[in-house]
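Read through the structures below before going on.
Common to both upcoming complexes is chain A, partnered first by chain B, then by chain C.
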Partner chain A sequence: MLTNILFHTAIAAYFVATCIFVVYLFTHNERVVKTAVGVLTAAFVLHTIVIVLRWAGAGRTPVVNMHESLLFFSWLTVALYMIMLVKFKQRVLGAFVTPFVLLLIISSSFFPKTIIPLAPVLESYWLPVHVVLAFLGNAFFAIAFFLGIMYMIQEHYLKKRKLKGLFYILPSLGVIDELNYRCLQYGFPLLTLAIITGAIWSEYALGSYWQWKPRQVWSLITWFLYAALLHGRLTAGWRGKKAALLSALAFMVLVGSFIMINVILGGAHGISLR
Partner chain B sequence: MKLIIVGLNHKTAPVGVREKVSFPADGLEDSLHRLVREYGLNEGVILSTCNRVEVLALSHDEGIEKGLLQVKRFLSDSSSIPLDTLDEHLYSHCGADAVRHLFRVAAGLDSMVLGEPQILGQVKDSYASAVEADSAGVIVNKLYHKVFSVAKRIRTETKIGEAAVSISFAAVELAKKIFGDLSGKTVMLIGAGEMAELAAKHLLRGGIREIMVANRTYERALDFVKEYGGTAIMFREFPHHLKSVDIVIASTGAKNFIIREGEVRDVLKERKHRPMFFIDISVPRNVDPLVNNIDNTYVYDIDDLQGVVASNIKERSKEANDAEGIIDEEIERFYRWIKSLDVVPTIIALRNYCDGIRKAELERGLKAMNELSSKNKKILDSMTKAIVNKILHGPVSRLKKDADKIEGDTYIDTMRKLFDLDDGEEEVKKTGSAED
Partner chain C sequence: MSIKTGAGAKTPPPFYKRVGRKVWLFFNSLKLTLAVMLTLAFAAGFGTVIEQGLRPAEYIRAFGPKWTSVIYYTQVNDLYHAWWFTALLALLCLNIIVCTFERFPPKWKALLNQKPSGKFNARIISNCSHNNTIILATELDKAREKVLAVFKKKKYKTQLTTASDGHYIYAWRGTLGRFGSDIVHISLLLILLGSILGGFYGYKDNKIVYEGDTMTVPEAPFQVKLNKFWIDFYDTGQIRQYNSLLSVMENGKEVLKKQIWVNEPLYYKGIRFYQSSYGSAWDRIKRADIGLLKKDSKRIKTTVSVDWGKTVPLKGTPYSIKLMGFAADFAYDNATKTVFSQSAETKNPAVHIEIYKGKEMISNPWLFLNYPGIFPAIPDSEDDLVFAGFTGIMYSGISLNKDPGTNVVWLGALVMGLGFFLAFFITHKRLWIYIKSEGNSSEIKIGGFINKNQFALEKELKDIVHRIESD
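After this line comes the complex of A and B, so read on.
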């Protein structure tokens, strides 16, 4: 009951923060963006409490059904943004991340919220480790995606030599490119570890490391995409627009495969969790 | 007590008038003394810059017209321009208008170049002189501290000071938007003309690491390097150095493009596609516009830069609106304080405060001695009342007597602080709005 109230309050707060961020994109007013960040922080605190309550209520990491997964992944994304906010003072990025998080948390409310017991085969310490690694990696990729979008917008202004609108509030190309690169540098090893721990977990639970399930195949495809992107950055000088575009595309593949597997094929890893 | 400001600026008076009215810095103290002593005004500040001369003074409530006239006479006397002639160039502001004007001036909103930062320093100097000359009292002190904090708030909360409004400065800002940090970046000047020199100066201030100069006359390049540091290179050698520079400023008199697309493509491959920024301030152009089509390469010619300046000015005026909003807010706060300096609410607040203590203590005492007759209770009540009144008699009559003098505000302010009377602000606000 309390969790439910907090959950809806958090959604409302994310919605308000999104609206204020949109106002900021048009007015460029520093006070507006400070307010937006304030409301976002409040939403994040509520979100955190919801997760903690859910965790305590279920007695396990709340990442078993779609509702929990979306709730947890969106939380990680905001948490990551908050860290970047403190470290790099990137307020504008919030205007891109917040609507995304709002979308995720609203989608999570469409899935059943009941706490379901975990299938005994899946019960293992590898569950939280695997899922948290995978989600954290994906959160980095999500931020990289929005940085890629920001880069493309800013690059467009500078190339067309018509300076207006977002040009004045977006960070410099150098800064966006650097942050995008860093996100990949963190996200990629996390994804790698997630695939490895997933394989180990699969060995424990199902008796084989790799079964060519759609989830496994797609994570491998994403892994190759990001590996290629990182490799290109390091050796072939893929930077700027090219890198921004590719990091955006790779994330779209990632989201697409997630939706396909979880919504259309029903259930992560092809094992019924319900 | 009312604030008045009388003055003239670049919009109302030609330079011929401004230079006559202006106050040289060394005679400022004498002028302030005269303003306060001979023209019967309380507190005064004189701001004198090449674009404006303004006198701020305090006059008695009932004598605003007289106060305005006195300041105008002061300006006319010290500039020896007859009042009739001078008057057509003067503007004047009273009360809240004057406060708003001062806030706007200090924030650069009233300046020729919107948001320019020098004026704040000049306002600070004018206040410092007033403090030195002893013509700044409690209101001026408070007002100017407010002015400085408002100007600072506007600088941090709006970007009014940021948008660049000159071509060379705009070029530097663009470079920052492309590269982020300029330290560690290298710039090459091809042609060392006046404009290129100015841009290079701005870039150096922006933190650029190295300058390379190529000029058709090698000696000119050497001269430049002597003055600003860097390396001079032979003109025909410059294409070989392109791969190691991030920013190129071209300003030669060449009739044809000296930097072409194919060439830059190769250079970019060599430098692993690290971005390059070409600033082409020459007419006819030196850099082939097709170069802009290459990824991670940006070419701005003189027209583009002019366009950037125009957008920057537009963006600044947007920021100016935000700044006006901040000013509105701060004026309200400042006036809440000014109103609190009115003598009547202060006396009421002081009486309420003391009477509150008296009542509370009396009640406690009466509870302890419950066998007291109602007659005795009445005696105690009037006795305590008399004590409070007698104690307050001195301070209250002093407040009333000096209310219109310069010390009056100090007394009221001190009284409010000593007795912590400012939680009665709601009440003050109400009386304030009733007056408006």
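After this line comes the complex of A and C, so read on.
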């Protein structure tokens, strides 16, 4: 009950934060963005309490159904943004991340909130390790995606030689690009670790580290796309549009496959015992 | 290409060399890498959309005969083992190998056996994207010592060249980071090697074992016995875990006993045993309860439990009963005159018994749990027997997997971790420092390059400048 009230209050807070961020995008007012970040922080605190309560209530990592997964992933994304905020002072990035998180947490409310006991295949120490690594990697990719969009917007203003609008609040191309690389620098090894821990877990639970199951195949596809992106960036020096487009494609595949696999095959990547 | 001098220039290089060069260049291109990776990503997706390994009839039902022939022609029904998918993977491997050969040796020479570069042009510093100038109120040699001390403390390697116009210092660290990408590439080859080893020298199998039975293990000098299978439930009634208690038997002796469950296999002499399915036996039970009653009566007078294959006397009567057979879902095949179970579910359980009076077998009927008394069990007698209940036997589905390549794959994963660490988190920083005398003080110019992560260099330079300026 308490969890439910807090959950809905958090959604409301994210909604308010999104609105204030949108106002900021038009007004470019420093005080407005500070308020937005304040409201976002409050929403994040509420969100954290919801996660902790659910964790305690279930007695396990709350990541075994769609509601929990979306709740947890959105929480990690905000947490990561908060860290970047402290480290790099990029407030404007919040204007892109907050609506995304709002979308995730609203979607989570459409799925059943009942706490279900663990299926036999999920009863493993790998559950928290594997899932946290995977979601953390996804959170980095999400932020990389938004940085790619920011890069393209900023580049648009510079190319058109129109120094107006968002130009004044977006960071310089160099800074955006550097942050983007930093996200990939963490996201890609995390994705790889998620695939490897998944393989180890699969070896123990199903008898084979690789079975070409849809979840494995799509994670490999995502891995190939991000590997291509990294090669393009590091070896061919891609910046801007090319990098942003491939980053967007990879992120779409990542989100799309996550939704499809969970909705069509069900939890635990559709793996169960006959 | 036209070369005017040199003995070898008279004739162009032989045909095979030119082709070889072209082939080498083809495999040594980033374009190939990107093309293969994107193609692999795109192709792999099909295997999740079109279900793998179905029978032809099922494809025809789903896609029609025309598309089914396309599916078989392109081997999309077993896409991940199709020749062209394997070829794409091989292409990627070749690409990796050629690129490593092309890039690794020169990198190794240039980075690890650094020859003293001596005096460099001081303009290199102002060309650096990150550079600083500091004025220190000390004489030249003291400034030099100070700078060298700071770099030593920060674990940089340094190279000092003193010239008439000042000191030239080259400082660097994190060279190993440059090899991260090569290590990641080699780890990928290791993982692929492991999977190939598994494909050639391993096997996968599925076995069904009844409780109390022993199964043979292919290519192994031991057997595995299933002592017991059971399911754990949550309080809500949901299944919590499937368990089997297994014993490894060598020469008839138990050498190892282990409880396995999903996520906890048994590992013995290179073979893993997994809990993969379960069920109750359809052609066998542990024991049957047989009741004795008078014909035309519903009341059972006595009941006896008969173990599988055993003969048990029915107390207070002249009869003995032997338990011969069981069918979970009784069916009779008229053509072959045999009894069988038409499903694995206990829809119509029936037992086959032999009834003895003294030493003589007087009848061998099938008795039905759901239809007591439809056929008289003992002909020409007041007495009748009914099938009153039974204790079934569970079976456990055990998957076997022998994969000698697994450890190579894990080794590859470890190497990959190391590679990523070097590639992403160890940055190769190179700094050039020029110190010259400016009256009573010294001017220090510092500039640097980093292979990635510009923020890190910016921070590093700030720190270095701060350390040099402070006492």
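Following the convention adopted for this analysis, the second predicted complex is superposed on the first by the 266 of 274 C-alpha atoms of A that agree within 3 Å, B and C clash if a C-alpha of one lies under 4 Å from a C-alpha of the other, contacts with A are read in each partner's own complex, and residues count from 1 in each chain.
Everything that follows uses one rule, which is that a contact is a pair of C-beta atoms (placed from the backbone, for glycine too) under 8 Å apart; a residue touches a chain by one contact, two chains touch by 3 or more.
Since this is a predicted model, take the numbers as computed values, not measurements.
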item	value
Chain B versus chain C as contact partner of A:P117, first or second or both or neither	second
In the superposition, chain B vs chain C on chain A residues touched	C
First, second, both or neither for A:K159, with chain B first and chain C second	first
First (chain B), second (chain C), both or neither touched by A:E30	first
First, second, both or neither for A:E178, with chain B first and chain C second	both
First (chain B), second (chain C), both or neither touched by A:W55	neither
Touching partner for A:F15 - first (chain B), second (chain C), both, neither	neither
First, second, both or neither for A:P214, with chain B first and chain C second	second
Chain B and chain C contact sites that coincide on chain A, given as residue numbers	174, 178, 236
Chain A contact footprint on chain C (complex, rising order)	30, 33-34, 37-38, 40-41, 44-45, 47-48, 52, 80, 181, 195, 204, 234, 236, 238-242, 261-265, 272, 274-278, 397, 399-401, 403, 406, 409-410, 413, 416-417, 420-421, 424-425, 452-455
Contacting residues of chain A [partner chain C, same complex]	116-121, 123-124, 126, 174, 178, 181-182, 185-186, 188-189, 192-193, 196, 199-201, 203-210, 212, 214, 217-218, 220-221, 224-225, 227-228, 231-232, 234-236, 253, 273-274
List of chain B residues in touch with chain A within their complex	156-159, 163, 174, 176-181, 272-275, 292, 295-296, 298, 300, 304, 307-308, 311-312, 314-315, 318-319, 322
Chain B partner contacts - residues on chain A that touch it in the complex	27-31, 154, 158-159, 161-164, 167-168, 171-175, 178, 236-242
